[in-house]
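Pasting the structures here.
In the two complexes below, subunit A is the common chain; its partner is subunit B in one and subunit C in the other.
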Partner chain A sequence: MALAQTKITATQERLNALRLSQSGWSASARADAHGRVIAMGLPVRRDEYWKYTRPDELTSPNVINAEVSAEDNTSIFGSLDCLSIVFEDGIFNAEKSDKLEDAEITLELLSEVNDLDIHWATGLYGVLETKGQAPVDRPLAALNTAFAREGLLMHVKGTVAKPISLIYLQNSDNDDVMLHHIIKMDKGASVTILESGPVGARCNIVMEAEIEDGASLNHVRAQGRNHERRATTHLFARLNKKSQLKSFTLTMNGALTRNEAFIEICGDDSVAHIAGASVGDGAFHHDDTVFIIHDALRGESRQVFKKVLRNGATGVFQGKILVKPDAQKTDGYQISQSLLLDDDSQFLAKPELEIYADDVVCSHGSTSGAIDEEAIFYLNSRGIPKVEATNLLTLAFLAEALSEVEDEDIAEVMERRLEDWLTRRL
Partner chain B sequence: MLEIKNLKVSLEEEDKQILNGVDLTVNAGKVHAIMGPNGSGKSTLSYVLSGRDGYEVTDGSAHLLGEDILDMEPEERAAAGLFLAFQYPVEIPGVGNMTFLRTAVNGQRKARGQEEMSAADFLKQVRAKAKSLKIDADMLKRPVNVGFSGGEKKRNEILQMAMLEPKMCILDETDSGLDVDAMKLVAEGVNALRDEGRAFLVITHYQRLLDHIKPDLVHIMADGRIVKTGGPELALEVENNGYADILAEVM
Partner chain C sequence: MSAIKDIDVKEGVDQETVDAVREVGGEYKYGWNTEIEMEYAPKGVNTDIVRLISDKNEEPEWMTEWRLAAFKRWEQMQEPDWAMVTYPKIDFQDQYYYARPKSMIEKPKSIEDVDPKLLATYDKLGIPLKEQMILAGVEGAEDAPTAPRKVAVDAVFDSVSVGTTFKDELKKVGVIFCSISEAIREYPELVKKYLGSVVPVSDNYYATLNSAVFSDGSFVYIPPGVRCPMELSTYFRINAENTGQFERTLIIADKGSYVSYLEGCTAPKRDVAQLHAAVVEIILEEDAEVKYSTVQNWFPGDEDGNGGIYNFVTKRADCRGDRSKVMWTQVETGSAVTWKYPSCILRGDDTQGEFYSIAIANNHQQADTGTKMVHLGKNTKSRIVSKGISAGVAQNTYRGLVSMHPKAKSSRNYTQCDSLLIGDKCGAHTVPYIEVKNNSSRVEHEATTSKVDDEQLFYCRQRGMDEEEAVALVVNGFCKDVLQALPMEFAMEAQQLVAISLEGSVG
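So, the complex of A and B:
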């Protein structure tokens, strides 16, 4: 189908503001991606998967402003023993980072190796993103593949003891940051990747993860708390045999956030859990769009998303489980819930199941509710004041999502941050 | 301790008066029982005293230790020493029983200008009190009342009462849904808390609870009023003859 002229024009305007790198090993992947963006066109509200979220601010060629928040420029994971890698306005900062050395992992910067002719990431850069373009277009991810100049190329060879903590600081009020990370997990390797910080006024982050047999990737991120920031992220992952992916996202504030995950389980006996907890107040629009494909035996997938919304905040969930004909014994679970703390907030959910195998267990549920007044009265009657009772119930609501974070120290840091948010906001 | 005068209450949503002038005085150290047919206003009285939404006090007063409680928030009444053991304890998924108890204990202490109880003291107390109510460690860890049996829920109410050490305890049909053994256990828990500085108002349908928790006075409530007051023998009379005779006599 031919694209509408308005879409072609808007896409061209955005592309004109960017410059395509034509050197090095990634040049052909970038050229391909550039071609895909032109063919697909950037998203508009009329597109099926954008009907709940206005993409204009993510696609606009104009500069977006989000004042730097000093409070947000510290890492939530700072108290944990990690290998820290710091990006400032999307550019690697060596001074603030730990040395990129570890026997079990090779870490390289896209900006440093981009001009080389040969690199191991050639077979990965943009590859999973390309596969992730069907059956639903993800033009912002292709845009990232074409134009991202920075990112971390991680080759995980064994068990990495310390979490790798990517910290995104923001110094400029109007930076437009694109980062493209590659994670190659060898057989049996395991690593925890943390992401935190404000990133920039607007950001577009893509992560592509190839997870070999028996490997395990644990991904936890805490998105920036700046009220004005706009963010779009994509996680593309391919799971081979007996491998595991756990990804959890905590989001507080932000004017606009769209987190997409495209997960393909193509090896038998693999596990993928994608979860998120988000809390928003006022001009907050948060969208989780998740697509999990089961294409192997005995795969297990979980999608657990909880959103707390107040003062007119909006939450969106679009989640799909696709079970291919041969993916017998699949166990798929999907839950998306919102806690609406007032009448002005809204939650828009579109759960989808598409199942072609006959011996599977798949369940999904989606609810929107207010705080339980009976429970509030019960807590009040025991001497717990309304505000505290509401906080307690709100944290309880988020608990199922938070319990997806296996590492107790990391989970505790997140919980404390949530408590902090609640006590300041409610 | 508790002084209720001519209390008249209607439902906020419908123009229906439920309490039609309740007069009741409970002194420190005493146990009073309230019995009465269904719909006589017993539970409403307990809810109004504890501050539940949805009721409108149209006349009368209620004082706890000389303080007017009707204008207080539920948590302020709790801090002032009022406790309601619910007929149907509420399940709260996601909130651990221990967290709940500790937040409640410290919430009340804070409201009274006392220091928070230390984690160690709290644990010690909870464990000792839970043990005497046969509440195991697992029940303390689980979310509040979630998946608890009827008996476990009621025991959990008594544990909260024991930890919060209120002055005025209202037990709303605490015996409902309990087997004989569970009822004994709950009664023992209540009796252990009886002392000179504490009073109880026990709402029940059945005399058998009063075999275990011996009341000083028994009140019969009907049509939103207390219509008759007597000693423990009044409960036996109800058990044997029902309410018909008493109501015929007073109304």
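So, the complex of A and C:
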């Protein structure tokens, strides 16, 4: 179907404000992605996939200013022993970063190697993003492939002991940051990647991960708590045999956040867990859109999302499990729950299943409701004041999602941050 | 021969279920055709056809204008493509929009005048003779002795209602039950007030087309405080080839009234797919209760997917008055393509909506069906139970919306959908939309998995049942939730489906 003229115009306006890099190994992938953006058009509200989230502020050529406080301009993983890599307003900062050296991993910057003619990432850059464009368009990811100038290219060869911590700091009030990361996991390799920090007034981050047989990628992300942030992220991953992906995202505040994950289980006996906890207060709109494809035997997938909302905040969940005809013995699980702390907030969900194999188990659940008054009463009667009781129950509600984070130290950091948010907010 | 005869069924799926699905999806029993002389309007749809249909029904000017406005709107609309169904593009100009038996041009006065073929049709469809006489429009037949349990029937044959039974008896208690064409002539004020008030003219592509070209259908009005003394039913038969059936049903349940309404439908086997686009509107005033039950058994197409009915139906109930209650029960076994979402607008406070559905898709059938529960009033409750079974190369989709508006305080929804696949060539899909805009409401959506509850099993074992018996007991009744909601008249169908369990469901 031909694109609507308004969509063509909006897409053209955005593209006119950007410049396509013509040099180096990524040039043809960028040109292709540029073509995809033109063919698909940038998202508009009428698109079914954007039914619950207005994409305008993510697609407009203009960035809405967003200040960041000094206090928020840090990484929450600062206390952990990590290899830190710092991006400031989307540009790599060597001084603040650790040395990009580790025997088990090769780390390169997209900005530094982009002009080379040959690079190992050629076979990966934009490849999973392209695959992720069907059956649903993800034009903002294609836009990123075409125009991102910075990002980390990670080639993981063995077991990386320390987590790789990507820290995104923000100095400017109106930067539009685009980062494109590539993760290539060799057979049996394993790594933990952390992401944190405010990033920018607006950001668009794409991560493409090719996970070879027996490899394991652990991804934990804490999205900053700057109120005015507009963010869109995409995680594309392909899992080969007996591999594992665990991704967890903690989101606090932000005016508009859309986190998409497109996961393809191509090898038998693989496991993918995508989870998230989000808390929002006031003009907060947070959207988790997850698409998991089972195309292999005995795959296991879990989607666990918990949202706590108050003062008019909006939480969105669009999850899908697609089981292809031969993906027998698939075990798919999907749960999305919201806790509405007051009457002004809303939860909008579309938990979908599409199943073409008969010997599988896919369950999905979605609930929404207020805090249990009886539980509050119980705690009150045992001398715990209402505010504290509410905090306790809220944390308990978020626990199922948080328990998806295996590393206890990391989980603890997150929990503390949540407690902190609750005590400040309530 | 059924396509699922020699199929490998995964472990855990009940053999009885497989047999029952085979039975349901086997030889189509109503695929015969009545050779009867028909009067057709010219093929295609345009303003002339719309006027002609209006003219045939001797409609007042306002109705003709209403239809023309709908047609004008329809011409600007796009055919929706969001449902998980695929079919060749429908040529809307290659259909007849009006077909009636020639013998119906003049309403028969006595049994001698009724076309015997028409009588035989109803006989063959299993409708009792007594009813048959009345169905065929025989005056005076209502005085003959009847069976203790009465069901009033409005029979629609292609584009016209051929008769409505027990009209007089119903009239005594103030219930109006007649064809919609008659209601437009006889009760224009009621029709004017309610028609299109639940499903607006521009609601969706098929509803708009229906608004322009609907030829007949049923009309029900239950006055305040009246409990309808018998079940009302409409039987739809498509007989003519290349003819679309567009019927309109309007049910008005006034304050404190109750009615149980049944709907049945069949069509002959044809190689070419046929279109059916109906609209059902139900209005419930304060404390009213309506039970609407359907066994949809349109011709599903042959084993290779040739022919069958394309069933695009818009059904909606508006619980306007406080404490009113509506219940949709559907057993969907027919049609090549089903696109159907019986919905409830829970506008009044303390209103209730229920939706129970079993959809069985076999061979090349595609069903995209579900419901919408729109909670607008306070303390409103809804319950959705949907069971989808696919066999052969069929696709079965549950698509539903549960929406809690900001003012629908303390409302409640519970949704349960289960799907079962018989064989590895078919598909089962779930597309729920959940929108919660206040925090005093609770919404729960779940799909059960194949696991049997251990505690329940333990309980049964404790009481001396062996494991197999215990499993049977726990699993049995997977579909009973739905079957129990079916009225007596569908006992035959229910019997057939009772063997179905969703043990081994995929999600």
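Going forward, the second predicted complex is superposed on the first by the 426 of 426 C-alpha atoms of A that agree within 3 Å, B and C clash if a C-alpha of one lies under 4 Å from a C-alpha of the other, contacts with A are read in each partner's own complex, and residues count from 1 in each chain.
Basically, a contact is a pair of C-beta atoms (placed from the backbone, for glycine too) under 8 Å apart; a residue touches a chain by one contact, two chains touch by 3 or more.
These figures come from a predicted structure and were not determined experimentally.
Judged by the touch definition given at the top, the superposed model places A:Gly332 against subunit C, while subunit B stays out of reach.
More residues of subunit A are in touch with C than with the other of subunit B and subunit C. In the overlay built on the shared chain, the residue A:Ile384 is in contact with subunit B alone; subunit C does not reach it. In the superposition on chain A, contact of A:Cys362 is made with subunit C only, not with subunit B.
Touch criterion met: A:Ala399 reaches subunit B, while subunit C stays clear of it. Of the two partner chains, neither subunit B nor subunit C is touched by A:Phe87. When the two complexes are overlaid on their common chain A, residue A:Phe262 makes contact with neither subunit B nor subunit C. Of the two partner chains placed by the overlay, only subunit B lies in contact with A:Ala375; subunit C stays clear of it.
Common to the subunit B-facing and subunit C-facing surfaces of subunit A is no residue whatsoever.
In the complex of the two chains, the subunit B residues touching subunit A come out as 50-53, 73-75, 77-79, 83-84, 86, 89-90, 92-95, 99-100, 103-105, 107-108, 111, 143, 160, 164. Listing the residues of subunit C that touch subunit A in their complex gives 9-11, 13, 82, 84, 404, 406, 409, 419, 421-451, 506-507. Touching subunit C in their complex are the following residues of subunit A: 48, 321, 323, 325-326, 328, 332, 338, 340-343, 345-370.
By the touch criterion given at the top, residues 372-375, 377-386, 388, 392-393, 395-397, 399-400 of subunit A touch subunit B in their complex.
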